[in-house]
Amino acid sequence: MIDWDPLVLTFKLAAITTGILLVIAVPLAYYLAYSRSKLKPILETLVSMPLVLPPTVLGFYLLVTFSPGHPIGRFIENELGIQLLFSFPGLVIGSVIYSLPFMVQPIQAGFAGLPHALKEASYVLGKSRFTTVIRVLLPNMKPALLSAVVLAFAHTVGEFGVVLMIGGNIPGRTRVASIAVYDEVEALNYDLANTYSLILFAITFLLLLLVYLFNGGYLKRLFHKMRT
Amino acid sequence: MIDWDPLVLTFKLAAITTGILLVIAVPLAYYLAYSRSKLKPILETLVSMPLVLPPTVLGFYLLVTFSPGHPIGRFIENELGIQLLFSFPGLVIGSVIYSLPFMVQPIQAGFAGLPHALKEASYVLGKSRFTTVIRVLLPNMKPALLSAVVLAFAHTVGEFGVVLMIGGNIPGRTRVASIAVYDEVEALNYDLANTYSLILFAITFLLLLLVYLFNGGYLKRLFHKMRT
Amino acid sequence: AEKHTQTIRIATAANMQYAMRELIKEFSAHHKIGCDMIVSSSGKLTGQITAGAPYDIFVSADMKYPEEIFEKGLSFEKPKVYAYGQLVLWTTTDSISPTLETLKQDHIQHIAVANPKTAPYGVAAMQVLDKYDLMNDLKEKLVYGESIAQTNQFITSKAAEIGFTAKSVVLSPTMKNQGNYTEIDEKAYDRIRQGIVRIKRTDAENKNTRIFYNFIFSPEAQQILKTNGYAIP
Amino acid sequence: MIEISLQKKLNTADGNMMMQADFEVESGIIHTIYGASGTGKTSIFRMLAGLLTPDAGKIVVNGQTWYDAANKINRKPQQRNVGFMFQDYALFPNMSVRKNLEFALKNEQNRVIIDQLMDIIALNELQHRKPETLSGGQKQRVALARALVNKPDLVLLDEPLAALDKPMRQKLQKYVAEVQRELGFTMLLISHDVGEILKLSQGISVLENGQLSPPREPASFFTSSAVSGKFQFEAEVIHIKREGIVFILNLLVGNRLIKIVAQPDDVENLHVGDQVIVASKGFNPLIYKV
Amino acid sequence: MIEISLQKKLNTADGNMMMQADFEVESGIIHTIYGASGTGKTSIFRMLAGLLTPDAGKIVVNGQTWYDAANKINRKPQQRNVGFMFQDYALFPNMSVRKNLEFALKNEQNRVIIDQLMDIIALNELQHRKPETLSGGQKQRVALARALVNKPDLVLLDEPLAALDKPMRQKLQKYVAEVQRELGFTMLLISHDVGEILKLSQGISVLENGQLSPPREPASFFTSSAVSGKFQFEAEVIHIKREGIVFILNLLVGNRLIKIVAQPDDVENLHVGDQVIVASKGFNPLIYKV
């Protein structure tokens, strides 16, 4: 019997994570692309570091940090009143940390690849840095943005090490699809695992395909044809 | 007691995987960036699909595919004489498959962001497509290349789901550092796990820092200063 | 290459790793046979063995996985029980007393159990909760570890105030003096039978594997298992 | 009044060079900066727009200090209200022609200016096209229009019409002169086209060897000899053809080809490519308006 | 001999337009394509270079068919051996000035050409600089040099000197003419500069409303009236000044400013900006070589 809860949870998690990552990554990537600070290479390196640790291990460190025994965990729980462990918000934070490099790196490369003239022309027209980023720079690096979003989204869908560790695999709350598939494989229920994998695969495939069709202008052309 | 074998193995795996990925990803990304085929959005989507499955699950499917019970596995073993399961070559292939999107996506975005004029100018000068890619296009998308290489490398260092599944955690052969850390965490040997994590972290940090320093021209300036 | 002919590979379920380390030590003291221990979850190890993993012996945490292997014709014999796992309730917070009654109290927000789908200790824990009619009250507090190992991490990190785990864990060298535990009445759950099989990699039996297999059932080995928190057959 | 004093070390084709540009320009006029390729004209513009920081100096526009090295004042480009037409256009590739202009609008600004400008650059038909699909001259026209949209205090035009054919160029010259007169903004112009300079600008400064000369009147700068009742001009010999007993010379005067009849001894030492002066003692021109 | 017949639908500022360009050019000459901004000059070049596929037509260069729609022949740009100087330069940002030129070398080619070209474009000092740090005119010079490095059969120059000051422009015009004569390659030129066209090219075709006119002689194309013993030229009035009882007119002839003395009744209806014809019945010029 297929349980749809994990799938819903997965795409909810992936969507929220991707959204938050976009908001964080754009300014960070902007800074990394344009800063001339001596600290920049260090920061650049640090951004990629979440990748180096196996997800479960990263998850374990997050588990320890978020636990009430740890000053940070205690602070978050007591002062901010947020329960991070074994909860959906915790999953989101874990996923955001782990997928950060996938979002930052391509966007940074995108910024770095843009000609300086764009920025300059916008500044001279009196536009603020924010307006310039939103209306001039980002729209001119769509391929980079797209690859960042796709990487972060797909990776969050498939990620399960961190999520498993700080989420506690609670049905309906933190049990996402990747864990469900994993469980079935562990339990040697290969048929069910295949079914889950296929569904996960199919939904994500369709989502991304839509994105790419849209990006390639195929949809536009299709609608155009239909109208005429 | 620290066992250095897994660390050596890890960086060997990451280096080889990154190298192979570069060779595969550049032509693939080139095709995806410039093709006008209708199949392109489908191929684009497929490239990101390895990310959607939890690594252990992907590893499981690879395990099944590579096993002598499967036609593909039998073919590879009997006809090509390569033993993929529980061997280093198998790890490489697994890592290559899993990290493919990290390499392809940023490079594709890099190609897509280049002005057409570069390609055209090179063609008109009589240069082949290969020469154009190697000498004109790639050198003008260094940020994208760099982010692809860093993502793929760091990810291979940290990856352990696929590797654990098809590698089998065999000391000296397929037991990479990420698995070692994972093992120690599992065994509740937190001290040893911390030590491993730190070493892994430190080495990768230094490696990437060197790369970024070099890329930012800091090293050049340093040498320059030293000489003068 | 020489080392390989001499060495046997022992695929070990995660919860057995502490005991196995001692067993290997004891074994090596008497035999000139190298042992490599490969630790993973029973599920993964089963999958790998099915795919032809070069393991010689499989020391599982239950009977389901070795039976699967036997049915596929990948072992020399039917799985044999070498030990029974024992369930304990464990906390690393000193102020909490690890009893079933405390579980209902408000300051216990999370109770770690292993995933009953994949881990025998998880199945046992659920049976205990059912037996004492605690399930309805505690359902919301349960957090599931992928394996017994992850359940331990929940407990040791104090992310979960308390949890069900294997006695072998709380007696392990690294955890020996940490926190408090109480054993759960063995009658409250089905016995956790842990099985062992020799893997059929070639048709010829490996002499060394046989020697190790026999060793596990020797009185010395059984004694080691006992001190590590297992009941012996 | 615009008072500028700029110092900047440039790395030019003749090696490192200290550029010193001091000049004052009255408000509301068009002033040309003239000089050879690579002498630093664009760099001066970039310093005025706030895109390049001078090594030392001062920029005061209509009484407001935009830059003052001594007092560490350095306004951001956004705070300078300049219109800069870049030599390489710097259009926004993601925006259509019209959107490129609209982007330049100030918040409260009346949008009719966009339609006016679209008409003038004669690209109405292409208003929804992206810059990538425009011809060189079309891009240049969009860039020019964009620099004028938000009615800046100071307009910097870097070779604004170099890629245009003559009729279009004349049309836009006329428009630039008109709009400048109407709105009264101050304009600096970089151009290599003498006709354009003469037609548009009221002053000229020449940048040479890193020094900007004091402003002069363009006409006097480009006229090589004084008038003394006679008529005289420089030209280049393009073609020499014998026709009966006389020769017909094709001469290039500026960008114009004229033919004159010459005597054999005039032509004796003359070759194609030679620079000559044509003069006449008694010249009574007939002038027809066309 | 270069025989070209091209058809291509273009989306211009005046709407969709079918461009038809048929022309033949003798080998070894410089021929100009002239026309307003956005009429399709660059598009013709791109079709010749193989960067744009015509809708129909044929391109035959020195007997080799590069393109033939009817027979489905379409050589790749690499197989055409053209030198293309792009209107927007298209330099390789990753390569220094020298490397940009070296990249254009053919395998077996003698490298001395690089040094020669570096000398001619006067950028030796900047040879190790990246294009990004060059001025507009410097980039243009590099682009011109790069198009000539590998001695192509057909050289396409798209506004090659538009961004340059007059002395540099003259120097390079001279060089282009020389090198073309020496190496004998065929050259097509897009230019808006009449002087340049007259000096460099032996033929001119005009692109207008999508039609390319038959080749003409440039001098005859630009000379508006025939010679009849008298002297006559068109000019624009730049300035009118009274001096005593006469007027001094500043006239722009092409790019040159000349002054002439005029009588009050000549000036009566004249305003700045008017186009005039200046003529003289009896004009006996004195011609001095300078």
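Each chain gets a letter, A, B, C, D and E, in the order it is written, and its residues are counted from 1.
Everything below uses one rule, namely that contacts are C-beta pairs under 8 Å (C-beta built on N, C-alpha and C of every residue); 3 or more make two chains touch, one makes a residue touch a chain.
Quick caveat: nothing in here was measured; it's all calculated off a predicted structure.
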| item | value |
| --- | --- |
| Interchain contact steps from chain A to chain E (minimum; 1 if touching) | 2 |
| Neighbouring chains shared between chain A and chain D, ordered by label | none |
| Chain B and chain D, separation of their C-alpha mean positions in angstrom | 54 |
| Separation of mean Cα positions, chain C and chain A [Å, integer] | 36 |
| Between chain C and chain D, centroid-to-centroid distance (C-alpha), Å | 85 |
| Geometric centre distance via CA averages, chain B-chain A, whole Å | 19 |
| Set of chain B residues in contact with two or more other chains | 56, 60, 185 |
| Shared-contact residues (touching 2 or more other chains) in chain E | 88 |
| Per-residue overlap in chain C, given as positions that touch at least 2 other chains | 44, 47, 150, 153 |
| Those chain pairs that satisfy the touch definition | A-B, A-C, A-D, B-C, B-E, D-E |
| Interface residues, chain B side, partner chain A - complex | 33, 38, 40-42, 44-46, 48-49, 51-58, 60-61, 101-102, 105-106, 108-110, 112-114, 141, 143-144, 146-147, 150-151, 154-155, 157-161, 178-179, 181-182, 185, 193, 197, 200-201, 204-205, 208-209, 212-213, 215-216, 218 |
| Touch list for chain C against partner chain B, complex | 9, 14, 17-18, 36, 38-40, 44, 47-48, 50-55, 147, 149-150, 152-153, 156, 169, 172, 174-175 |
| Contact set on chain E toward chain B in their complex | 49-51, 76-78, 80-84, 86, 88, 90-95, 103-104, 106, 146, 150 |
| Of all residues in chain E, those that touch chain D in their complex | 11-15, 34-38, 41-42, 87-88, 122-126, 129, 133-138, 140-141, 158-159, 162-169, 174, 192-195, 198-199, 219, 222-223, 227, 229, 231-236, 238-239, 248-250, 252-262, 266, 269-270, 273-281, 283-290 |
| In the complex, chain A residues that touch chain D | 115, 117-118, 120-128, 135-136, 139-140 |
